[in-house]
Each structure stands twice: as C-alpha cells, then as structure tokens.
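Presented sequentially are two complexes of subunit A, the first with subunit B as partner and the second with subunit C.
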Partner chain A sequence: MKKSLHTLLKLTNFEMERLSKFLFTLMGLTLLFNLVGYIYTPMQHMGKINEYITQNSATTQQALDAFGRFSFYDVTQTLWIAGPIAIGVSGLLLYSIFIWYREWFGKNTFAYRLLMLPVSRMTLYFSKLITVFIGIFTLIATQMLSLFIGHPIVSAIIESAYFNDIGLIASIQMNPLFLYLFPLDFSYFLMVNGVGIVVLLVLFTVILMERSYSFKGIAMGILYGIAALSLVLFPLFLPNLLNNQYILYDSELMIIIILLTIIVGVLSIFTSRHLINKKITV
Partner chain B sequence: MNKYVKLTSLFLLIALAFIGFSIYKAQASSPYSQMKVVTTEGKPEYIEPVDFFGYVSHSQNFSNSSTIEFNDGAFSYLQEKPFLKRMDHSFDPKLNDLVDNHRSFMRGKSRRPEQYTETDQHLIYAGSKTDVDWNSSISNQMTISVLDKASDEEEAYSVTIGDDGAYNDVYATYIDYPTLTIFVNRSGVSDTSRNLVYTFDIENPTEALTEVVDLSDYLDKNETLSVSQLSDKTERYIPLKTVRQTVVSDYDYTTETSGYFAYDVEAQEVIEIPPLEEETLLFSDNDTIYVGKPLNESIELYEMNPDDKEMTLLGTLEMATPIMGQEDSSFYSDRFNQSVTILDGKLYTYGQEYVDEVSRPIFQITDVHTQETLFKGTVMPKDMTEADATSIEVMEYRLDPLRN
Partner chain C sequence: MIELKNVHKSFGRKKVLDGISFTANKGEITCLVGVNGVGKTTILNAIMNLTPIKKGEITIDGEKMSPAMYNKVAFIPDVAIMLPQMTVHEAMEFMKDYYSSWNCKRAKEIVRFFRLNMPDKISELSKGNQAKVNLLMGLALDVDYVLMDEPFSGIDIFTREQITEVFSSRLVEDRGVLITTHEIYDIEHLLDKVVLLDNGVIYKEFNAEEMRETEGKSVVDVMREVYNQ
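Moving on to the complex of A and B:
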C-alpha cells in the first residue's frame, strides 16, 4: 500500500513536471490579465467621470447620478477576469486529452516505457487524473489570490466618493461564475467538482477506448459518452414516464442524478482499468 | 525532497488560498441586507401571522438583488438556504409550509395552493389527473385526498365530476368539515366555460361530486368570476365578484367590477351584495359578511346581515396611506382581496410605498370592532445607511390562520 502510494506520488510529480510550464503560463496569464483589469477598468471609469465633470462643470452628485458608484463587482464582470478563467478551463480540458496522447505521439513511443513500468497501470491513470485536478485547483487558487490583491488596488484607484465598497466576498458572491469555482456554497461546490471529476473519468475512458480499438474505439467512445450522459440525465424524464410531474421533489431528482453520476464515475474507472490492463496497445 | 518542490509548492498554494478564502468568507458579513420590522404604531407581535416573499434590490447596486422570506416573524434569504432546500422552494408561502409539514402527502399532488384547504385536524386536496400529468387525456374523474394530521393517514377518493368531456379547473376549495366545497371552471365542451360549485361529504363519500350551484347564471357574456383570497378557507361566506371585460383594441381590454356576491357554504346559495355608491370592498370572516367603502385614507366598514342585507356601520378604519386597501392591478385577475383581508376580527392590509425611488411595504392591522390600529409598520434594513437605497417589493403574501 505504502509502496503504491509512493509510486503514485512519484508519477504525479513526474506528470506535474510535464504540466508545470503550461500551468505556470496559465497562472501568469491569469495574474497579468487580472492586473490589467484591476488597473484599467477603474481608471477608465474615473476618466469618464473626470471628462464629464470637466465638460459639463458638473458636481460630484451629478457625476454620481450619471455614472453611479463603481464597485469591485464591476471589475469582476469584465473580460479581464472571465477571459483567463475561460482560457484556463479550455486549456486544461485540452490538456486532459493531451496528457494521454503525448505518450504515443512524441518522438519516441513513451507509452511503451510507461506501460512497461513494474507498477499497476491504474497508478499511471490516477496520476494523470490527479495532475489535471491539481492544475484546476491551482488556477482556482490563483484566481482567489488575485482577487484578494485586486480589491485594494481598485479601491485605491477609485475616489472614495465614487466607490461603492460592497466588500470582496459580496462582489464574488454576486458573480455567478465564482459560484461554480469557489466554495461559496460548499454543497454546490462539491457537486460542481464531482461532476468535473466524472466528466474527466468519462473523457479518459473514451480516450482509452480509442487507444485500445482505434477507429472502432472512437465509435465506442462516442456511444459510451452518449450512454453516460443519457444515464445521468435520465431522472429528468422520470416525471413524464411516471405520468406525474410532482411524484418526485426536485431535490430528490437531484439526489438521483448525483447517485447516477457517481455510478457513471465508478463504471468509467472499472472500464478504464479493464482497457488499460488488457486492451491497450502501443 | 527537492524533486517534489513544484508539487509541494502547488499543494501549499491551493491549501493557503482555500483556507484563507474560507476564513475570510466566514468573517465577512453577509452580502444580504439584514432586515427588521419597524413598528410605527401598535405592537410588533400582531404581524406574526403575516408571511411574505419579497424582492430586495439596491438602487446603487442592482446586481445584488435577492429574495427574502418573512415567516413566523423572522427573515431569511432564499440564497442562503442549503442548495437542496432551495430546489424544493416555491414562491408561495402556503405551499412551502405544506411541503415542509406534509411532504409525503404533497407528493404527486398539484402545486396550486387553491386546490388545498385545511382545518386543525385535516388537510384536503382536490384535483384531477391533468393537474399533475399535463399529457394525460381529459377525464371526468377527480381525486379528493384527505390527510388526518394527527395519525398522518391519508384517505383518497376517486369521484366523477359531470358526464361530459370538459376540462375541470379547480380554482378554489373550502371546508366546513365534513363538507368540502369545490369551485370548478368547466371548459372545452361548448363555446363558453361554466363556473360550478360542487360539494363532497368526506364522512359519507359518494361516487360523484354533487353540483349545487351554477355560478354562470350570475355572469353575463363578457363577464368573468373573481374569488376572494381567504386566509382561512373555513369561512361560511365566500366573497365573489363579477368582472366585465371591455375590449379596447386587439391587444388591450379594460375591466370593471359589475357585481358582488357571497356564496353561503352552509345554505349552499348565492347572496347578492348591493354595491356601495363608489368602490366596494367585500370580506368575510367566520360567519360574518363585511362590506367596506374605501375613502381617501380610510375604510368605512359595515357588517351586512345576509338575510335582509341590512348594513350596520362598524366604524371608520384609518389607513396609513391611500394605497392601503386598494387592489393592485398586477395581481392575478381571477382573485381579489390579495392585499386586504379580515381574519378573526382584524383587518390586515399591506401596500407598497414609494419614497425617493425606494419602495417599501407598509403593513397595517386594525381591529374591525374597536377600529384600534393594532400594528402599523414597515420593513427596512437594520443598517440605516442602507435604508435610503434598499427597495423591498412584496411578491407573495398570505396570512397563516393557525398563527393568528
């Protein structure tokens, strides 16, 4: 047990080394774009106010009536914040595919060496899964820290008369994007990440099917993906099938969906184990 | 150890950020304004039967809008409820109470509060298959379910309603135990729909509902029926009014009240109410019919004798503002008395007051016999610096007769 854990740690560390350059680039991009947003957005707002006051000889109150108060929430709404998040999500999603295919399409078929290692092949599988999740959580952590840095910057740039200090947490809570990323509502955060893990598990299974059966594997993978999605969404059709819209409460439907999602996750792990141990070819 | 430096650093970064964020979040004050009931006259305990859902918005920050619930004298925000609890939430306070207290009984039954009525001992539901299965074909079968609250036992009766293939829409139910009175709109058979009153004896169940009154007889061609919103659906008299619709254009029509009636559940007959000179308010409470004349900032309240229709002036009830006791046109057109009602000798009214672009509800509770104002007040943020920028709009309102 201890040995397999040590192997998992070594393989995860190995995968992290390979991800690190890409991850540090995404972290850098996040911080850079965010920083531009923290400085540019409030300065642009102050610029508009100053121009309005100068051109119309307006008072502070008139400027407030025209532009309203600026809050940190206004910055979190911009593309300077949402953009890097979108880049990070799509980047890591692509990396989840790349993390497998790089073993086959490198200069040497590195997959051969990896699969010949005297360790369980599932250790390799889990190391890749953990690596992707460390990547995801690292980007979330970077975004969190960035917001902590950004809040005082924005409040320093905007003159206090024009600033609506609703607080950092309120600004975050008001933005629906952060509801998915941050543990604002713990059960919701757990559910979103649970769905994320299962999506990755299904994706890994599809990739392993393709690696195992080539073109036939692509068709199998697509069918598996559709079947997994259908199984998870099946409870939504239960009220129609049972001829009663109120036979189950919405919370109960959600619990059934969560259970089926877990089943799909477990099924994907076992299917992947079978494929990686018995079917995969180099 | 040095070879794990990146992995360790990233773990530390994640742990630091998440722990820091959680601590900061725990220490930060709620982003939602804490509310309080402000009593300007009377005693605050009188507002306890009032339940409402409201929409809270901030004029300086429209994005931070939220849904507040006032229930049993306490405020809570929908956004702060647990995720799964939020999923079962309904904007109707009565339905929420029914689902919370009788979850098993409510399973598989319609989510329209007008299909439920209750006493201290029983909760009764009346509905058809089409209420819960929108794809099912129309039938003349209806289900009446009775829950004994003490034993938690449910008794269900399948009964027929009419002998044609009409669509039956239950739009009001009342109980004078064991007699259940059901108001049904029947449509789809002829060009016009019919408003019928049926009864069902819960203690001596029959296979068919008994038709007692055809309210369509009291309606002209362009008139529709509106039923009073009653907090306690065990009253003897059910106030009704007919509303005449006049088409103004292809897209618009005007409405005016053309007649007032009260349905006597015991005698099973309709009593015509002579309208007052101007606008008329019509209420019922226990065994009494009240007729009100809204004046500028007061309501002149009469008690009507149903036998000779003699009106006895009870007194003039001073209202906080002219809006109190007036109907809001944005409400459901088939119901009235949604913001003003009499329950156990007390007149409950609420209205929205607009001051400097800020909207706030005003509640008033007045004793109909002594005309004493028992409660007058509003709801506003505890933090007075937020008060000038925080609007609270009541979306759904009801009185809980069991808390009166």
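Moving on to the complex of A and C:
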C-alpha cells in the first residue's frame, strides 16, 4: 500500500513536470489578460468621464449621474477576466484528452514504456486524473490571486468620487461565473468538484474505449457518454415524463442526482480498470 | 519458459493469429520468422499484455502476465519508446526509479559498449542510436527473458554489427531471448530455435542446430523452401 502510494506520487510528479509548461502558459495568460483588464477597463472609464466633463463642462455629480459609480465588479464582468477563464477551461479539457493520446501519437510511442511499468496500470490512470485536477486547482488559485492583486489596482486608478468600493468578496459573490470557481458553501464546493471529477472519469473512459476498440470504441464511447449524462440528468426530466407532476422535493432531487453521479463515477472507474488492464492496445 | 497455448487474435475480420502454440526457453535464443504482417509483433505485444488476445493462454514460468512480471520480462520494440525530450541519462534515471530489476552497473557498461553519450537528447539521436537506447533500456534490466522486435530494422551496418555482438555477449547470457526478424543472416548462427509463421499459423518449428546437423540446412535455406513455395 505504502509502495503503491509512493509510485502514485512519483508518477503524478512526472505528469506534473510534463504539464508544467502548458500550465505556466495558461497561468501567465490569465495574469496578463487580467492585468490588462485591471488597468485598461478603469482607465477607459475614467477617460470617458474626463471627456464628458471637458466637453460638457460638467460637474462630478453630473458625470456620476451619466456614468454611475464604477466598481471592481464591473471589471470582473469584462472579457479580460471571463476570456482567460474560458481559455483555461477549454485548455485543460483538451489537455485531459491530450494527456492520453500523446503517449500513442507523440514522436515516440511512450505508451509502450508506461504500460510496461511494473506498477498497477490504475496507478497510471489516477496519476493522470490527479494531474488534471491539480492543473484545474492551480488555475483557480491563480485567478483568485489575480483578483486580490486587481482590486487595489482598480481602486487606485478610479478616482474615489467615482468608485463604488463594494469590496472584493462582494464583487466575487455577485458574479455568477465565480460561484462555480470559488463556491462559498462547502457542500456546493463538493458538488461542483464532484461533478467535475465525474466528467473527467467519463471522458477518460471514453478515451480508453477508443484506445481499446478503435472505431468501434468511438461509437461505444459516444453511447457511454450520452448514457452517463442521461442517467445523471434523468431526475430533472422526471416531472415532464409524469405529466408535470412534481413528486420530489428539490432536496430529494439533489440527493438522487448526487447518488446517480456517484454511480456513474464508480462505473466509469471500473470500466476504465477493465479496459486499461485487459483491452488496451499499443 | 514463455508458453503460448492456442493463441487466437483478430484485427476486425482479419485473423492474425490462428491457434499459435510454442515455447521459448530460458538460456535459449528463439527466433520468430515470417514475412511482414504475419503477426510476429502481435505475438510479442500479446505476451507483454500490450494487446488483448481473443482466445488462448500465455504464461511466463507458469504465471500469467501481471505488473510485477515487467521486472522479469523486458520488451524491446522496434520504435523509440522513451520520451524524445529526455536525455539518455534521464531515461536511465526514469528506469531506475520504477524498475527494481534495473542494474545500474550493467547500464553503464552498455552505454560504454554502444558508445552512447549520456547528455544527448533522445530526439537528437540517429535512428541507430535510438535503437541502441531501446536496447539499453531492455538489456540493463536483470530479467529472465528479453523480447526483441526487429532489432535490425532500418539501421546502418555498423550498428547492426554492434547489436549482433550483443547476442553473443554475456548481456543475454542465461536469459531467454525471443526475437522477431526477417533479416536473419547476421544472427542465424546464434539461434537455438526457429518458429516459422505463415498466415497466422506456425508453419514449422525446429531446432537450428539439429537442422544444420541432420539435414545440412541453414535457417535461411528452410525459409527459402517455405516462403518461395
């Protein structure tokens, strides 16, 4: 047990080294785009106010009436913040596919070496899963750090008369996108990340099906993905199937969805274990 | 002993192996011979559990393949299998990290024998030197069996000579070697057992020494008889 844990850590560290360049690029892009947003958006706003005041010989109050107060929340609503998040999410999603396929289609066929390591192949599987998750959390942490840096920058650029300092936490709470990235409630945090893990588990299963059965595997994978999604979302469509009869409370519905999500996750792990141990082909 | 019993394997509708049974013993060099696409590589992959078989059984010293067995059997494929960005030294460190059977002393010996440079990146090596790195990764393991897939494919004559030398050296001494090749001239005199494959079945299996003594035929002579028919 101790030895397999040690091997898992070694392999995860190895995978992290391989991810590092891509991850640092994503982190750099996030910080760079965010920083531009923290500087450009408030400067643009102040520019508009100053132009308005100059052209109309307006007072501060008139400018406030025309433009309202600027808050940090306004910056978080821009593409400078949402853009890198979208890039990060899609980048890591693509990496979750790449993390497997590069072993077969790289310059060298590293799949041979990995599959011939004297360790359980599930250790390999979990090291890849953990690596993607570390990548996700690192990007989330980078975004959080960036917001902490951004708040004082924005408040320094916007003149206090035009600044509505609602605080960093309130700005985050108001943004629906951040509710997924930084859930305030622990159970909600578990749910968001649980769903994330299961999505990855299903994706890994689909990839391993393709690696095991080739073209037939693609069809199997697509069907498996659809079946998994349908099973998890089935309770939400229950009222429609029962002529709009709501027989379950929201809390009961949530419990059923969580249970089904766990079932899909466990099923995906067992299917993947069978495929990687018995069916996979170099 | 590596033993294959009634092994069947298909790719789609194409039968590649159709009831293959043979053994490869420790201390002997067994050669799988056949034209391209006859299923030689598939057999090695199947032994190493790198491709599933449809039917049959493969055992190594009576045991089925398991992760622990990768410390007992080494496979040297005909493609580069270490990461291209690794240096020879890093590739050796990687092996040392994961294989309890990795023999550092022997690894250094092989590096000297093949005149490889430890700081060289694998991606920057010639095809011949990449083949040598592959051999290094397999031969430096203290294993009972070594499987080699087409070790002479696409390499220059000097590298070929060096690799041939490996077969008569103590690097493979006492081990069971299972090799696939259709370029048999260089190692013919070193072979103990030959298994001729054709259309997914074993066409002929014989002891090379006995064949030379009893029928006065070399392995190449037998191959000519079989494949020129």
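Going forward, the second predicted complex is superposed on the first by the 275 of 282 C-alpha atoms of A that agree within 3 Å, B and C clash if a C-alpha of one lies under 4 Å from a C-alpha of the other, contacts with A are read in each partner's own complex, and residues count from 1 in each chain.
Here, a contact is a pair of C-beta atoms (placed from the backbone, for glycine too) under 8 Å apart; a residue touches a chain by one contact, two chains touch by 3 or more.
What you are looking at is a predicted structure, and each value in this text was computed from that prediction instead of being measured.
Engineer: Who contacts more of subunit A, subunit B or subunit C?
Structural biologist: If we count touched residues of subunit A for both partners, the winner is B.
Engineer: May I ask you to decide whether A:118 touches subunit B, subunit C, both, or neither, giving the answer as first, second, both or neither?
Structural biologist: Second partner only.
Engineer: Who does A:230 touch here: subunit B (first), subunit C (second), both, or neither?
Structural biologist: neither
Engineer: Quick check on the superposed pair: does A:13 touch subunit B, subunit C, both, or neither? Answer first, second, both or neither.
Structural biologist: In the superposed model, A:13 contacts subunit B only, not subunit C.
Engineer: For A:25, is the partner it touches subunit B (first), subunit C (second), both, or none of the two (neither)?
Structural biologist: A:25: touches no partner chain.
Engineer: A:184 in the overlay: touching subunit B, subunit C, both, or neither? Say first, second, both or neither.
Structural biologist: After superposition on chain A, A:184 lies in contact with subunit B alone.
Engineer: Go through the superposed model and pick first if A:244 touches only subunit B, second if only subunit C, both, or neither.
Structural biologist: A:244: touches subunit B, not subunit C.
Engineer: Give me the intersection of subunit A's contacts with subunit B and its contacts with subunit C, in residue numbers.
Structural biologist: Subunit A residues touching both partners: none found.
Engineer: Considering only the defined contacts, which subunit A positions touch subunit B in the complex?
Structural biologist: 9, 12-13, 16-17, 20, 23, 68-69, 71, 73, 77, 134, 137-138, 140-142, 144-145, 148, 164, 166-170, 173-174, 182-185, 187-188, 191, 240, 243-251, 254-255
Engineer: Tell me, which parts of subunit A touch subunit C in their complex?
Structural biologist: Counting only subunit A, the residues touching subunit C are 7, 10, 14, 106-110, 112-113, 115-121, 212, 278-282.
Engineer: Show me the residue ranges of subunit B that touch subunit A in the complex, using the header's touch definition.
Structural biologist: Residues 3-4, 6-7, 10-11, 13-14, 16-18, 20-22, 24-25, 28-29, 31, 60-61, 63-64, 82-85, 87-88, 99, 103, 106-111, 132-136 of subunit B touch subunit A in their complex.
Engineer: If you look only at subunit C, which of its residues touch subunit A in the complex?
Structural biologist: Residues 45, 48-52, 67-71, 75, 77, 79-84, 94, 97-100, 122-123, 137 of subunit C touch subunit A in their complex.
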